[in-house]
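In the two complexes below, chain A is the common chain; its partner is chain B in one and chain C in the other.
Right, the complex of A and B next:
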């Protein structure tokens, strides 16, 4: 996976989380995922599949960060925090991958998006099964970090 | 999701795990997924995406069951059990969803497969974000249960 493919995910992440999530995400230096370690406590994951490209996108939030985002999104309306976090992470996962998809389509790589799944648990580990490198981009916010992982395997 | 869509996943599961995994999986009564509970300790999950259908497939193994399958697949060759389990669950997830995909294509529903991701952790929870029901099929084996979850949203 080269830089041409990760930048659309970084751009969409900043765009979605600053406009919708009300936080100011600062991207840190990307690195290759090494080992199975999960980064956050709650992770949204979505499959990307097409004839030319297939892969996986994940966004993993620390507890403090996602609680702040949910509070920004819902204000006083939080009814059931755990359910609201799941719904918010699902929506954020869809919107980031949708934004990246639109930018990648302009570059000639088209794929469809599967439905997002949310994984939670303090010690969960996620491994993407691919012989392509998985790129991790850490982001800082005032309320804690979150992490974007993307892997895209292009056939052409 | 109607029965027409779950049967290809059940058929492919029995086929792959009896021929490749060397176990004799007995399907139990399917039910709708209710709540976030994860079923096994290690789960393979893969996104399914196309213009006509999108969804998610997961297979979640109890520890005893996946250890037996890995032992059947590798014999004396186990080098690193945790890594071998991850590799085996990735391969099984690909093969089951590939088998179901072929059967569904014959019925007129085509989709591409994303890359599988493996989630592990004793208390991990997985929620598929969809307004469609998620069907869970428990399977018994002599070495412990495993669980298939599928959700497929068809546009036509």
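Right, the complex of A and C next:
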């Protein structure tokens, strides 16, 4: 995967989670992923389809981290924690994808909109759209880690 | 001055975002807030009651925010309702498309309470002018 693809996802992740999630995510060293098991317990995944590149993006949260984010986002308005976590991860995935796509557009890569899917449970599978290598960026927060995965194949 | 009695319809397929927007609106003093989870449900609600503002996501199943905007602007009874698009779609092309379709204002997610408050002030100020 072209490394210029990963920075927009890192930037959008920090922007979304610091602006609306009330956390201060610190990116760690990226690495290539082996296998398809999730690093976190709740994952949002969204397809990225465009003329110049295609693939998918996922964000996988540890339990402690996503509980804190949902609590920060909704305050006292939490109704059903499990359902609220799933819904919030969907919206977070959507926002990060939108922010990254806007930055990628400035680099000459245009992607269509898509609706995110959510998977939860320990050790679940994350199936990316292409079989291209997956870059993982771990993030630390005070309430636990989360992981951004990007898998994009350049068609140029 | 914002009209705190304005009846506002918040449209988003994600409950999280509807609740965040509703929470901010309540904090700002707005009292009459309804919710819909897609454009089609929103259109039905708009036909049944009188709304003074629509706050709507773009990317939704069933009927997108852009399609709802076009339907509202094409409807004689609804076409003057201010329409605030609140969306993760930050691409310039999308913003231009929304402007051409008659959007009143546009917020790119993520956003803060201050940003939403300012956009509402701008909308109600332009309505009063």
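Everything that follows uses one rule, which is that the second predicted complex is superposed on the first by the 153 of 156 C-alpha atoms of A that agree within 3 Å, B and C clash if a C-alpha of one lies under 4 Å from a C-alpha of the other, contacts with A are read in each partner's own complex, and residues count from 1 in each chain.
Rule of thumb we're sticking to: contacts are C-beta pairs under 8 Å (C-beta built on N, C-alpha and C of every residue); 3 or more make two chains touch, one makes a residue touch a chain.
Please read all numbers here as calculations on a predicted model, not as lab measurements.
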item: Which of chain B and chain C A:119 touches, first, second, both or neither; value: first
item: Touching partner for A:99 - first (chain B), second (chain C), both, neither; value: second
item: First (chain B), second (chain C), both or neither touched by A:130; value: first
item: Partner chain in contact with A:90 - chain B first, chain C second, else both or neither; value: both
item: Touched partner set for A:24, first chain B, second chain C, both or neither; value: neither
item: Contacts of A:46 with chain B and chain C, given as first, second, both or neither; value: first
item: Chain B/chain C common contact set on chain A; value: 87, 90, 94, 113, 115
item: Contacting residues of chain A [partner chain C, same complex]; value: 15-16, 19-20, 70, 73-75, 77, 83-84, 87-88, 90-91, 94-95, 97-99, 101-102, 105, 110, 113, 115
item: Touching residues on chain C, where the partner in the complex is chain A; value: 14-17, 19-20, 23, 58-59, 61, 87-93, 108-112
item: Residues of chain B touching chain A in the complex; value: 36, 38, 45-51, 54-56, 58, 86-87, 90, 93-94, 111-130, 151, 153
